[in-house]
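Going in written order, the chains are labelled A, B, C, D and E, and every chain counts its residues from 1.
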Amino acid sequence: MAGEGFYRAMLRRQLALSLRRPVQLFNALLFFALVIVLFPLGLGPSPETLGEFAPGILWIVALLANMLGVETLFRSDFEDGSVDQLLLAPQPLYFSVMPYLLTQWLLAGVLLALVSPLFGLMLGLPVGAMGALAASLLLGSGVMSVLGAIGAALTVGLRRGGMLIALLVTPFYMPVLIFGSGAVQAAVTGVDSSPYLALLAAMLCLAVALGPLAIAAALRISVDS
Amino acid sequence: MAGEGFYRAMLRRQLALSLRRPVQLFNALLFFALVIVLFPLGLGPSPETLGEFAPGILWIVALLANMLGVETLFRSDFEDGSVDQLLLAPQPLYFSVMPYLLTQWLLAGVLLALVSPLFGLMLGLPVGAMGALAASLLLGSGVMSVLGAIGAALTVGLRRGGMLIALLVTPFYMPVLIFGSGAVQAAVTGVDSSPYLALLAAMLCLAVALGPLAIAAALRISVDS
Amino acid sequence: MYFPGPSFERSETPSIIAAAMWTFFHKLGSPPWLYTISGQILRWLLPAALLALVVGMCWGLLFTAPDFRQGNSYRIIYIHVPAAVVALGGYYIMAIAGAISLIWKMKMADIAMLAAAPVGAALTFIALVTGSIWGKPTWGTWWVWDARITSMLILLFLYLGVMALYEAYDNKVAASRACAVLALVGTVNIPIIYKSVDWWYSLHQPASIKFTGGSTIDPSMLYPLLLCIVAFYALFACALMANMRVTILDRERRTGWVRRLVEES
Amino acid sequence: MPSTSDAGARVLLDARGMGVERGGRQLFHALDITVCAGELVHLRGANGAGKTTLMRVLAGLSRFGFDGEVAHRERCLFLGHHSAVKPLLTPRENLRWHPAGERFGDDATIDEALAAVGLYGYEDTPAAQLSAGQQRRVNLARLYLSRQPLWLLDEPFTAIDVQGVARLQARLVQHCRDGGAVLFTSHQSLDADVAVRTLDLEAVAY
Amino acid sequence: MPSTSDAGARVLLDARGMGVERGGRQLFHALDITVCAGELVHLRGANGAGKTTLMRVLAGLSRFGFDGEVAHRERCLFLGHHSAVKPLLTPRENLRWHPAGERFGDDATIDEALAAVGLYGYEDTPAAQLSAGQQRRVNLARLYLSRQPLWLLDEPFTAIDVQGVARLQARLVQHCRDGGAVLFTSHQSLDADVAVRTLDLEAVAY
């Protein structure tokens, strides 16, 4: 499909592949809930500690969910030849990867950001910090999706990429984790969290502008190897 | 190959597939290190409190590593028809799945248990608790490998099992997490940790004895669907 | 045969009891019989259950004195406690049905298992929500990581796991068999989960919030509560049977007796 | 229970009244299949006729959702659409550690089989670096190693070149001559001079 | 730059001095390939001869590790060993949302193409529930939808039944008659009456 039509089609394709049935959305939510429950079980149920760690816990869960999702971002499309077709398509690859990123961000980022206040409540996060929590997750997961996709594109041609991608990507995730949980922490202690959020927003802009270049280059290399 | 020879061959096959290159072992270790570093970064506790939560953190990381590894335990063998061949083999499936379990346990369990004292040190865990940490990880990861493999066998025929297996398996992992981190916690506070370890050992026996039955049944169902 | 288990046909010493049970099992395995008999049971059980519920509620809500500590907020107990109790029992009903379907390959058992899951999940959810609502005035927060609450949450995950697994399979015959395996693994695991969560809580929390003292309930509150629990069990049975009837009709829609049924109505 | 057919040959596979319905369509119905030692049977049918479905039932991989029963089946070797070849392993390792549970002998035997399917020189190349047809050949090397009497082969000639097909065909004939039996599907026809019994799925379609 | 060949036909693909070495073996060497409008070219060669490798170079998917250059290539449609068919999606969705970036028209057009490859009635069945040959056919439906002049097809007949191969062959001929060109690999030969130029990779092997 020419022009915009193609990107819309690719987006619908990606969404259909991840959410063939509405129940899958629900499963994604449940996944967050389950991983979050692990933390009280591991760290202990005391409301004070949980409340204190809630920003970090929520952010680590977001990070892990992102890493899990991103690993398989291009894998099946690579293995069945869809990436070949994408590369041969007349549309620039820079834009063609956007639907992948968007879907990944919607599922591992936006969804979690939307329900994060509920989990925040369960972990005893002060109500005043919910806004900062959702905003930081929304922005930060976008950055992580782009960075993770670079790692995924680089390792998709390798047969045992599972661990490797984590290795490549985690160091880049760390600043996001620091600023993100920092934003929530700031809101908890009553400090203004907007500098953190501004930083995350700047990182997001940078990632979205430059990331697809790297992803496109990495995919071309992977297909050729 | 007849009798024992077959199981040894399968074990070597599984090991070769996971560790084709020695560097992969190293990657697995680095993965643990990176994820463990995320926790202090995200939770931001002071060094004193960090030691208190070290058992929980280490155990949560072990659990997540297990879940990640177990998801792909049967997938590629299922997709390329190896599981079909395994089912048609004259050897009982109950034993044929053991090499899979053993490999998974060695990589996500034993390896982590062996290096866990190092990570414990990094998180400020008292030296006296290192024994309990390693022992609990050793036993507990065995239980988790078996339980996780049941989930993997149930979902291997599904095209989007990624999130689902977490949903199926995490509730069953929770007792292991509780007893495991409990054992370390006990050792930290100077209490005897052997009741916890005994419980984990009992669970391991139960899991190893009954788990393969469920795995075999689940694989037959998946192949047939 | 992939799951070893006793089989009635092969039993070496056929006693009268076993024979009688076998015929009963055999009847249970017959969809038309089950459809008819469940229709008859529902006809009186549903009104009875509703009546018991209304009586229990009115009794509890209108004719008992307010609690001296909690005022009137405790009255939610008449929903909360029955829902929690029945939700727990429901898992066992589901798991036992799963075991039967797997071991004796009884079609009706797996229909029962699948019918129990959503009902149980709904009750668990009700218990969680009413508990949260109750928690706000009582503890001042919506949620605490109490042992009972945590295990209730895990129970919800277990129910949802069975439902999600069933949903995920295209082939519904395989789906119900997979769910049966999962439910069976669950039966072994549930006591372990419960014990472990209790242990976890007592390890970390030297009893600062306490709500486990069942003995503190005054008899005037207890009797309506018991009546409500019975009513909830009966409602559970009704929902289970109604659910099963729908599934039976759906699965047997190509058979003669369903066609005849449709023609008659 | 080595039953024998009317002609006296040992029956290796005996299925009666097979019928399968998929997606609301009856693929085949009341199909009897008997394969005796020495027989080479070609199962034909258009795409979607149900050949793979039938083969999986006959192999014992599908155990539900069909009518009829497989009354008797000797131990069998099954090759499906998927070749069970691991890209990470070399051809030699793929055979040495094959999950089918049969003893394939030592490396010299395996190398001979690999040479027989034209993979001489590729024994130690990871299968990922082989061409599509070469990967299929790795799996076909089992036909030179196996001792199973009954072979169930689902499209064994896929991606194999002309010369390879001729050699494979000779191998199948040889196996039947040695007292085995082969039931295979293919969209290609065998050479005219090979004695093959054709079973047409369309002919029995419902 | 629509260059023309000696005979005056438009050149759609022009590659000069192609050579590839893989795993220490020279697959082919100093190979010139020119495909003009109207030509049907059959690239032959044994398993492992390098057909797939060459096709990927010609399509522009491999950009390194070979000698020579693809001097000119019209926009092309490429079908590889892997069919890019998503098992979760229905045939209709697979085509409607195809990643090749070509406009395939509305659903009616797509349904027509699906009918042309024999998938009438399967438009809304998830591809996972199709047989091996039917899944390949989903991808082949692109041959009835695409407007690209140059087709590079790597083993398009794999897993397709006899009747399907005949229809496909007719489609290829039709495309060439309409001014397009097809370069394809296959281990099967086309019917004798089709005008096809054969390019043998063995003949140019080093």
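By our rule, a residue touches a chain if its C-beta (ideal position, glycine included) is under 8 Å from a C-beta of that chain, and two chains touch if they have at least 3 such contacts.
Only a predicted model underlies this, so the values are computations on that prediction, with no experimental measurement involved.
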Request  = Could you work out how many touching-chain steps separate subunit C from subunit E at minimum?
outcome  = 1
Inquiry  = From the C-alpha centres, identify the chain that is farthest from subunit C.
reply    = E
Message = Regarding the subunit A and subunit B pair, does the interface count as same (over half of residue numbers shared) or different (under half shared)?
response = same
Contact-richer chain pair (by C-beta pairs counted) among A-C and B-D = B-D
Ask   = Which integer distance in Å separates the CA centroid of subunit B from that of subunit E?
value = 46
Request  = Could you give the separation in Å between the centres of subunit A and subunit E, each centre being the mean of its C-alpha atoms?
outcome  = 37
Key: CA centroid of subunit A to CA centroid of subunit B, Å   = 25
Key: subunit B, residues touching no fewer than two other chains   = 20, 160, 164, 167, 170-171, 174, 178, 220, 224
Task = List, in ascending order, every residue of subunit D touching at least 2 other chains.
result = 64-65, 81, 88
Ask   = Where does subunit C touch two or more other chains at once, residue-wise?
value = 154, 157, 160, 164, 168, 170-171, 174, 200
Query = For subunit D, which residues are in contact with subunit B within the complex?
reply = 59-65, 75-76, 78, 80-86, 88-89, 93, 96-104
Key: Of all residues in subunit A, those that touch subunit C in their complex   = 21, 23, 26-27, 30, 33-34, 37, 40-41, 44-47, 50, 121-122, 124
Message = List the residues on subunit E that touch subunit C in their complex, please.
response = 126, 128-129
Remark   = As the complex stands, subunit C meets subunit B at residues 2-4, 102, 154, 157-158, 160-161, 164-165, 168-171, 174-175, 177-178, 181-182, 184-186, 188-189, 192-193, 195-197, 199-200, 203
Subunit A residues within the subunit E interface of the complex = 1-2, 5-6, 9-10, 12-13, 16-17, 20, 76-77, 79-91, 96, 220, 223-224
